[in-house]
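Each of the two complexes below includes chain A, the first together with chain B, the second together with chain C.
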Partner chain A sequence: MTISKLAAVATVVCGASLSPWLAAQEHDAHTAAGSAQEVKITDPTSVVLIVNRDSNDIAFMDIATRKIIGSVFLGNNVNPHMAMMSHDGRWVVTGGTRANKAYIIDVPTMTLVKEIPVDFAPEHLAFSPDGRYYYQGNPDGDSISVIDMVSLTEIKRIPGLVEPLNITFTPDGTKAYIGNYGAHWVGVIDVTRHELLKKIQIGEVPGVARLDPERYLGEIKGVSNASISNDGRYIYAADGDLGIVGVIDTRNDRVVKTIRVGADPWRAFMSHDGRYAITVNNGDETISVIDTAHNEVVATLEAGPDMTGVNFAAGKAFVISATSGFVYVYDMASLKPAGRIKIGVNLQLETATTDTADQTLYLASSTDHSIYVIDAETEAVERIANVGLYPWGTHIMESKDNYCH
Partner chain B sequence: MHRTESWLLTLGPLALSLAAFAATAQETPEDADREELLRRIDELEQRVNDLESTAVMSEPETRVRRIEVWVDENGVEYDEPRPGTRSVVTYQRERAFRRQTINEKIEEALDDAASRSVAVGVDAAIVLQNVQQTGGPDADADGNNYELASADLYFTAGLAQNTIFYADIVGLSGTPPDNEVGGLTLLNGYAARLVRQNELNLREAWLMTEVFDQRLQLTAGRVDLTNYFDHNAVANDETTQFLSDALVNNPMLGLSENGAGLAAVYDPKSGFTAKLGYQQSSSAALNLSDSLFYLAEVGKLFTPFHLGEGNYRAWYRTDNSSGSNQKAFGISVDQKVTAALTLFGRFGSAQTDGPRDKFSSVGFRFANGVTFNPEDAWGVGLARTELGAGDEESLVEGYYNLRMTQKLELSFHLTRVTEEPLGAEQVSYLVPGVRLQASF
Partner chain C sequence: MSHVNRRLGLPPCVLLAALAVGSGHSIDDAGAQGVRDRTRPSYTRDSTVSESQAAELTLTLAPVARRTLQTWVRTAATLDAAGKTLTTCIGGPDAALIRAGQRVRAFPPDSKASIFQARVDRVAAQTDCVLVEATLSGTSNWDAARYVMEIIVDRGQFLAVPNEAIIEEGDRQIVYVEQHSGHYVPQELGTGLKGELYTEVLQGLSEGDQVVTLGSFFIDADYKLKAPDQGATSNAHQHH
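Take a look at the complex of A and B:
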């Protein structure tokens, strides 16, 4: 009998008390090879993760030297979508969208230590605040896989969701809010039991929708993300078809306000000081700035096409316009446009992360296999070429702008 | 081991027996083989399941990529810069291991085909209006109904990087009330800047390109300069906002017809814009020097008094349409007060052979919630036109625009207009109207 099977038996016989230790032994066995290997990363905050979708690897770039330290190959046709580092910097996890697996990488040795079969098309993910669980969203499977970071196994699969795109834990780790892009509701997960507790409807589809079957019965654009306020009190959930942001009070899980924004908002991005939430509205190529103190739109500003994300740094908001080759800049003090940064022509810009000092952006550009490093203060741009094939996103440990699209 | 003992002591006899079982468990090579086979079967079942569920294409994806290489004097190409090499941009095929679903492949092919073709759009509208005279001597228009059908067929094609061609062919059929009311401004803005009705007209045909990091946009051809100058967020579109031309454009711009011209728009996306343009505005002109309008405009985004964003524009025009150079200036303002309420205002003054012509308009628009349906809007606007020759017009219009679908809108209008011709009695009309607008 393998140790993992023994752990399972022990769990059944003794309850949960014995299994963590046995799982830890298995975990140590998994990483035994890793521990014997050379430690390549001693400071996990010193690297940028780069998710290379088409070379099927996670690359590690040193922030100081801007050189690729190495990469972890996941396997052919894995096509990773998003990566995230655990809060302690020990692990990097990613979902292989076309392999239907979750992957766990040991950071110090840059070694792939575990492949875990999950549901269909795993994309976005999140760690619980205590780092114990990693929730992997499986949008095509309409489920979330709960990965126990002690045993490195999928301990539960939460069904009943509809194209779950993003996961947001409350700061106390008791609940997780799930954006369902295939519906107009946010799912609330009880993290202690890993069960879907509630479905919170963000807004009602207007009665006139019956006249427009092409729009409402075609491709649905529901809730892509539940963005949480700095104090953890409110969730801001943008709904694409309805053109609104629903504000949910996390104390009682009720929508306390519905804010109309521009057409087809993708999601709300929270400013680092917590004062504003910005939605990127791809339907009318604008951004809406929501004052979180009063929960109302205080500015609607012109932006660009196909916006994928917003990063905040040096008192500015940087809005990525995927197909135009521009990053639009807004001054967050005056809430006015402040120009745009030309990254290049014929590029497909993806998403960016911001360093923890809120000074530098690391923007993935897929079609030229590059990362563009943007100094938020001077808006100078440096290209780091050949980071891997089709970089889809970047991540820095504990950055406030770690997101995907 | 030390840790093991402490756990075992804590958990008691049951744990001890389990640990003993684990310690004594011996796996034979046959067991290991069986385990491996079972694992492989599980894996294969999973893969079959995945394939049945998602129908993926597993062949490597091939695409062409623009790359920078370095070439020495002998034509040898390097991936990195070397002494004696020069940088050259070239194109090269690459392969990537990426699984795509059949759906993704089909969508990609359709998008690619669409991007290479000429895009065709249609804007069609039917406007029904009734005129009720409310004051003044009997007029021909009193009690009459009017219907104007309009169809715009427009074509857009990408020609080069940041360069497009656009053409708009419009057909108008029917009669607007303006022929009988004879006001200073049009009660139906669809007929503005078009000379002939009941036949097809080429409204616009131009090439547009963007240069200097797309900060400067140049448009040349047959243009309608009102598309570039005197913008207003809430009073600038006869297809979804006010119907009266006085609440769509500033008549002091003086543009009566579309024609050959050029527009240059400088927009660094910082909230400031500068525009320059010229356009011929007479189909009877014999050369480009006749009836030529030059326009300049600056615009700036402000947020005064902690209000929402406000767009403030000022323009200047000079033209030789009357034989001598005449000048005009104007402003156009839209200021968001709340998320739902936007105020607007225009003012214009134009030089004539006599006293100056003057125009002003104000109003508001409600949207975002103060409506029956979320995407509806309604507004009220007032416009006053005073010609230097002495003719005057006052107009007030209210509308409600019901957005039924993304392609179909129905709006209801009520307009009251008072004409005060020089040397004649004042005459007033009430003009209810309905507009059905389709865009696809």
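Take a look at the complex of A and C:
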């Protein structure tokens, strides 16, 4: 089958039009006198990525049909942790925690094109806004690997971090903020030079909370993520040990306020309209709702154990309670609990992504190797089984809820 | 379950941390078994190297010498209908490195073993990138339009060590240098240009020094296990 015919068929199946880049690629394929690779995905926004930790692959599920189109095997004992699609939909990148490598997948052909050695135990990652760089966090190497997406090489390794978990770029792409879970500070990276510019302490660190990360890494619960406001002005950094959220002004990189939340906040999740930041507090099984206009907690609500994430859709917040088998629901207009959705029993729920219409959630459930599709409006749940072994997370291009744990 | 019992079940440091912070919250089992406790890969934290394992290592040494450093500019390219000419557009700092005549390796992403040789024969500046055309030395028989292209850029001669000899340690870079047979010491070095295979040495090593390449991590681990409280660069270490 020629590329043009296949692309046309796939376009009809996926019900979407070709992006300019894919159209250009199709044109390139025409010029190659039929010697092209098979294009399997014509519209990168039409698929959900599923990170299968134990089958060591990234699976692609078609959103319209909820069928697995295919998967890309990365290698034995790779253990991918998080995957993300580049802003143009051309690449999918993932870090193999056990292989100490970054992996680059060509989306249209679903082909692994590059393995890049990085530092120890790569987990979370992010693309710079212009798509030029992919920052791969290496928590056990205490570093960030800078991958150049033109040359597909690691062009620099930024040291000096402490169990760096998540990476947040400013909208203008000049800086990146790093959550250090093994410490109580946020790292600021100069993206032009790829250098650690500054360490911003989130709050006063008393007594034994001031542990030496070198010796007590596993006992420190620091900052897992620097969550950014919609306008890029403020960073909300929750600190687990301190039970606070530090608000950082990105203009001068100073903490302008600390907000007391519940015990052991995992991280702050930003509502899509930017009005609220929600922390999930695993120490006391609550969530704290922060009004970002006034930077104060406006609601503290009961939740479940072992919360891993929050998704926003249909005017609600969906809070994943990993070990209870429930997703807790909150009405974002009244800021009150709105029930909970029973996903199942004896499950280990991981994280979810939300579609770009803010209508549907795709929740990874590792122990039964399934994805649960949740209709945010009706709260109906559909199980998609056998997506791969131990699905750890999901991702949709341009979703506002693309995160990992 | 009472909060008191939950607290008593915590490691002392966590309890003290909670008291010291004075948050007024109780921390229960769920807090102690936080998200990160489950997601953190434990297998990379508890690996140890015994003396017998270290003794079985076959170490590889390489001399510090002047070498040609290369940068390999990798990009995707399209093969023309004749199966002869690869075309791509390269942006950013890499664009300035490309010259006509440079050697190129090219292969389809699906290829497991076939690598085609080529040369850059045309470089033309565009608005936002540099248009590069390379001609294959033979004709590709692969049924593929898109190729991965590696343009090999020679950066010049530098005093250099193999990349695999360098251990990143915080913001320092360490190599293990052979003092005499069987004895290795860690040496901090300053580096310059990082090539694909070798890294320029600015300070810390002299031409002719022998550095450990294969096995350096094991020596490093062994060194730290035996001398946990000593400075990483201050004491000689004997390894057999």
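Assume the second predicted complex is superposed on the first by the 358 of 405 C-alpha atoms of A that agree within 3 Å, B and C clash if a C-alpha of one lies under 4 Å from a C-alpha of the other, contacts with A are read in each partner's own complex, and residues count from 1 in each chain.
By our rule, a residue touches a chain if its C-beta (ideal position, glycine included) is under 8 Å from a C-beta of that chain, and two chains touch if they have at least 3 such contacts.
These numbers were taken from a predicted model, which means no experiment stands behind them.
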Which of chain B and chain C A:140 touches, first, second, both or neither: both
Which of chain B and chain C A:260 touches, first, second, both or neither: both
Contacts of A:243 with chain B and chain C, given as first, second, both or neither: both
Touching partner for A:405 - first (chain B), second (chain C), both, neither: second
Partner chain(s) touched by A:53 [first = chain B, second = chain C, both, neither]: first
Touching partner for A:340 - first (chain B), second (chain C), both, neither: first
Partner chain(s) touched by A:359 [first = chain B, second = chain C, both, neither]: neither
Partner chain(s) touched by A:120 [first = chain B, second = chain C, both, neither]: both
Doubly contacted residues of chain A, that is, touched by chain B and again by chain C: 3, 79, 98, 120-121, 140, 206-208, 211, 242-243, 260
Chain A contact footprint on chain C (complex, rising order): 11, 13-14, 16-23, 25-28, 30-31, 33-41, 43-45, 72-76, 78-83, 90-92, 94, 108-110, 142-146, 148, 168-171, 196
Chain A residues within the chain C interface of the complex: 3, 25, 28-29, 31-37, 79, 97-98, 106, 109, 111-114, 119-121, 123, 132, 139-143, 148, 150-153, 157, 159-160, 165, 181, 206-209, 211, 216-219, 221, 224, 240-243, 260, 262-264, 266, 281-285, 305-308, 322, 405
Residues on chain A engaged by chain B in the complex (per definition of touch): 1-3, 6, 9-10, 13-14, 17-18, 21, 53-56, 76-77, 79, 98, 100, 117, 120-121, 140, 206-208, 211-212, 214-215, 242-244, 259-260, 296-302, 326, 328, 334-340, 342, 345-346, 367-369, 389-390
In the complex with chain A, residue positions of chain B that touch it: 3, 7, 11, 14-15, 18, 21-22, 25, 27, 35, 46, 50, 53-54, 56, 58, 61, 65-66, 94, 96-99, 161, 213-214, 268-271, 301, 303, 308-309, 336, 338-339, 368-369, 373-375, 402-406, 408
